[in-house]
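Labels for the chains are A, B, C, D, E and F, by order of writing; each one numbers its residues from 1.
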């Protein structure tokens, strides 16, 4: 059995809300095609606007936080299905619903694409859990900003992007902005940071607009976005 | 074991796209609450704008018709989950993925909410299959028009709504407009009509804006929308 | 990953009712062995006499059409298991119960053998759905007549076999003989024709007595039975 | 929660091969209807002629004993489905595939109908396993002879039926006739006797032609067939 | 449908390691019997010494943290099975493996007993997730100390038990002692506190030696152990 | 598809109770690594002391034999998970719960590790069932004695180990010591012997302390322990 190192790519749900979503997915498909011979690849997709829409509806209907998170999870699974189908034979053609299910599908040797697993955690936590289970060498977080900033760039025009930072620095930065409500987890929630820390997973945060650059990021270690170093 | 007659309610996917979607669902919840003591209720939800969005993305990515339909099915399951969660203890808290799965969940005695089952057929076909399996006395199709018209009311300003019509008349009317492409099935596709015909299921087509009137439609046989009579 | 084009073989349930059924299956096994290196193969088996027996029993017990079809489906699954077991390591050793389940088992790279999926459709519809999902280049229908005739050969001694015909010609021919009752679907039901049409699947109808000729049909394009051309 | 004692009925596969099979099932349905208010009922069905047919086919195809038994199991599941569907709302509408699955479906409060579970054991062993798991007060074996004889009645015209016998006497009688090949298990195989012994399950062997008498057998302790007393 | 408020009982894995474990489980069974008519009950069991044993073995074999946690989860499932089986008909006879699976089994109306769900979180987090999903009025944590102390009582002889405290006070107390390694989560891990906080779940920490007092704790609001008040 | 002959290794549950359990598992891992290129390997693990502990608890709680066996089965699954996880990519990462499930996971091409399947039979019976299903050339029983003795070596200091014996000789020797109670099956129970006999499986009984010698036993036919010859 040949050995291929494993990587995990977490795709923001916002990726699917963009006007050129299918072009973006098409780029992702090319990246996966070019990497799949040398790497095993897990992909985790967020819920995006759809998650927010259904959580809002659920909140108006007075559902509890658990069911609101489940709606977000089901929205993320719709995105995951789209990616899995788009990857054709490269991918396992069904989306797992838990870490144990992921691990079983992963043993097929194919790319496995997943959405959320469980209430109480973001899809970033899913990505960290998956990366830990498959002993991934890298976890790439592709989102709608260029990397990790010293403050939330949405609210602070003067935020500065950090090319490299430690995990504890990241924790400090994010601590202020965390919310516990369904659908409002920021970038990396506490669960994902706990897993990243205990298993010393290398994290790279990058803009999904540069998704095509992922091939050189992985194959040639090209510096893109922010690299978070576990201590 | 007490006996409650069974009814099936097919909710258009467009129901979830309306601005007042949560109010609509709230009305549906009241209807189901008031009927659940005397009737067993199956609910089938369509995919709506979300289905169309993902099918469009999939088509741009050149997926085959089978996978396009699967994307529509997954979109309808998201809607089905929302209804199931909104119904709380009244409903079975998971969405079946096939007729056999539906039948198993139905045996719980709860309301069962489902989305699509299989490529090649609309959620109206799902509703007919479900109605047949549970020997439903009525299949209510709640959609975004007031009933069955003699021509497609979207294209013909002079279309006339029919308070009552036979299934063969309905077939004639729909025959012109049918398409076989994923996501474009009209009102009732050939599979649903075949099932309705062979099992002589009574169908009522009504506007989901009047969803609150469903209680009197069912309990008092109040005339709403169009009634389709199987021969 | 090497590429092998996909084909689907639909085996009539009558195949299992013949006196020399095991010899027939043995020939099928040889065909599959000789093709499996160059083609991915899906097999769909009908229910045959067993389906008819259980549907008859069910009808005497006044089961509804949905459960009658389910009995036919379970009969076809027994046949499918026999073929899957006979194929040994070449085949996935379990029979899927829906298109989604088929697709998942198909990703194993093995031959997948299936029976029916859902009430309201024949196993020919299953074969078409499977062929569409796996983008099969050919769907071979192996049945108890030599090909498509201009009339039902069972009833008309003067029926003439057609070596080649269009899908619309086939629709015309079959339209008269279609029944909607469980267990009585003819050759190709409306669902199968709809799928064949929309995905332009090439269909070949042949006698299962010539099953050994399938290798040259597939590998050398030898003309056997009738070829139905989608427009 | 009201308490209803549990009973298990093992129906010979030969029951489904009789000319008046649907009448027989109809009688069984009446028995179950009249008992279901006061008893919880598990039903196990054998494979009958169908099992033997498919095992014979499999043997001609040189399948191993494990797969031959699996074919017999699938045949018994077809019979089990027929009974389950015939019982309508009284029964759980799906057939379990293992003891653990049985136990889960049993918790629904419904009649559960099952066929075989595993190679290497007869459906009589399944019946004993089920009876043990649900702490059944009685296991009724309905077969094609009137009870237990002092020799195999098929081969010995002078065999005498025993109204009452101990389990060790039964073991002695059956020991001569046991075979280990798939599909040839007699009346009660060693696994079933082991379970019956360790859990001291009361067994009654009766002719399925008298199936209607089951109500008085259960409700009024009427003496029918042979009663086997565990020591 | 009658309404019964829901409660969750989290049983320490250490409960199963005690010499008088079966007596303890017997008391728990009595408590559940006396409460089940008026309350719906979810039970979560920890992994105890067994979890620690297998995690230690796994660590010696150099498994990653994800698989170590899975071993702990499987150990907790063994305990959960024991409780479920001991509760007989009161409980659902199978242990769920995720929150979604729990919710589905919960809809049976029975007591549902679960062990762990997912790597990266303790069974206390499972208990919180379950309590949130079923909108439980109370979450009782039965462990091997009498309640929450101002310091870890294992290490500090002078630790003082607090009859009542706020969630933020609890967070402060526990913050020092948290570890992220598999199998070493203390009392309540961050995930459980996050869920308790966002859904304002009332938590009671008590000694499992007093398990029999649970009936009066629930029915008569008797003060036992420590009560943690969400703000 | 390359052909690799199949072997089954049954590991005593006592293996996991030894002080040097992780070293033992490590040796097993080396053996499997060195064999996996040339052989397909099934592994069955017993329940050991853990099974006995939980069965004892269950017995004190008055569970029936079926549930006691299920507790033993769940204990054996914990051991099976540990082995499966320890084997990493070589093994299928989930433990099957029935023979049919085993067969499906086996088709992955990986090592499959299983615990118990069903009440009423030992994990030795599981091993025999698995060996039969996969047409294994050898079934190795690794236990806490050096081989088969002419009497139970635990009780008889003068017992003599037999390097070679027939299956009927083994049956004679074991007949005295068999018990039917849950958790007390000896070496090989009647079910396992029935399967071994009908499928003529070659059995080798050896001490798990020599587990490293398995490579030469398999590859070079080195004589270790006792060899049981089916007639």
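Note that contacts are C-beta pairs under 8 Å (C-beta built on N, C-alpha and C of every residue); 3 or more make two chains touch, one makes a residue touch a chain.
The shown structure was predicted, so the numbers you read here are calculated from the model rather than taken from an experiment.
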Check every other chain and keep only those touching both chain A and chain F; list them.
C, E
Chain pair with the higher count of C-beta pairs in contact (B-E, C-D):
C-D
For the copies chain D and chain E, give the interface type as same if over half of its residue numbers appear on both sides, and as different if under half do.
different
Dist(centroid_CA(chain B), centroid_CA(chain C)) in Å evaluates to 31
Counting only Cα atoms for the centres, state how far chain A is from chain D in Å.
53
Chain-centre distance (mean CA atoms) for chain B and chain D, in whole Å, is 42
Can you pull out the residues of chain B that are in contact with at least two other chains?
67, 70, 100, 108
What are all the touching pairs of chains?
A-B, A-C, A-E, A-F, B-C, B-D, B-E, C-D, C-F, D-E, D-F, E-F
Using the touch definition from the top, list the residues of chain A that touch chain E in their complex.
64-67, 70, 97-100, 117-121, 125, 128-129, 132-133, 135, 180-181, 190-191, 194-195, 197-199
Footprint of chain E on chain B - complex, ascending:
89-90, 92-94, 108, 110
So in the complex, which bits of chain B are touching chain A?
16, 21-22, 25-26, 29, 50, 54, 57-58, 60-61, 63, 67, 70-71, 74-75, 77-78, 81-82, 85-86
Which of the residues in chain B come into contact with chain D in the complex?
1, 100, 103-104, 106-108
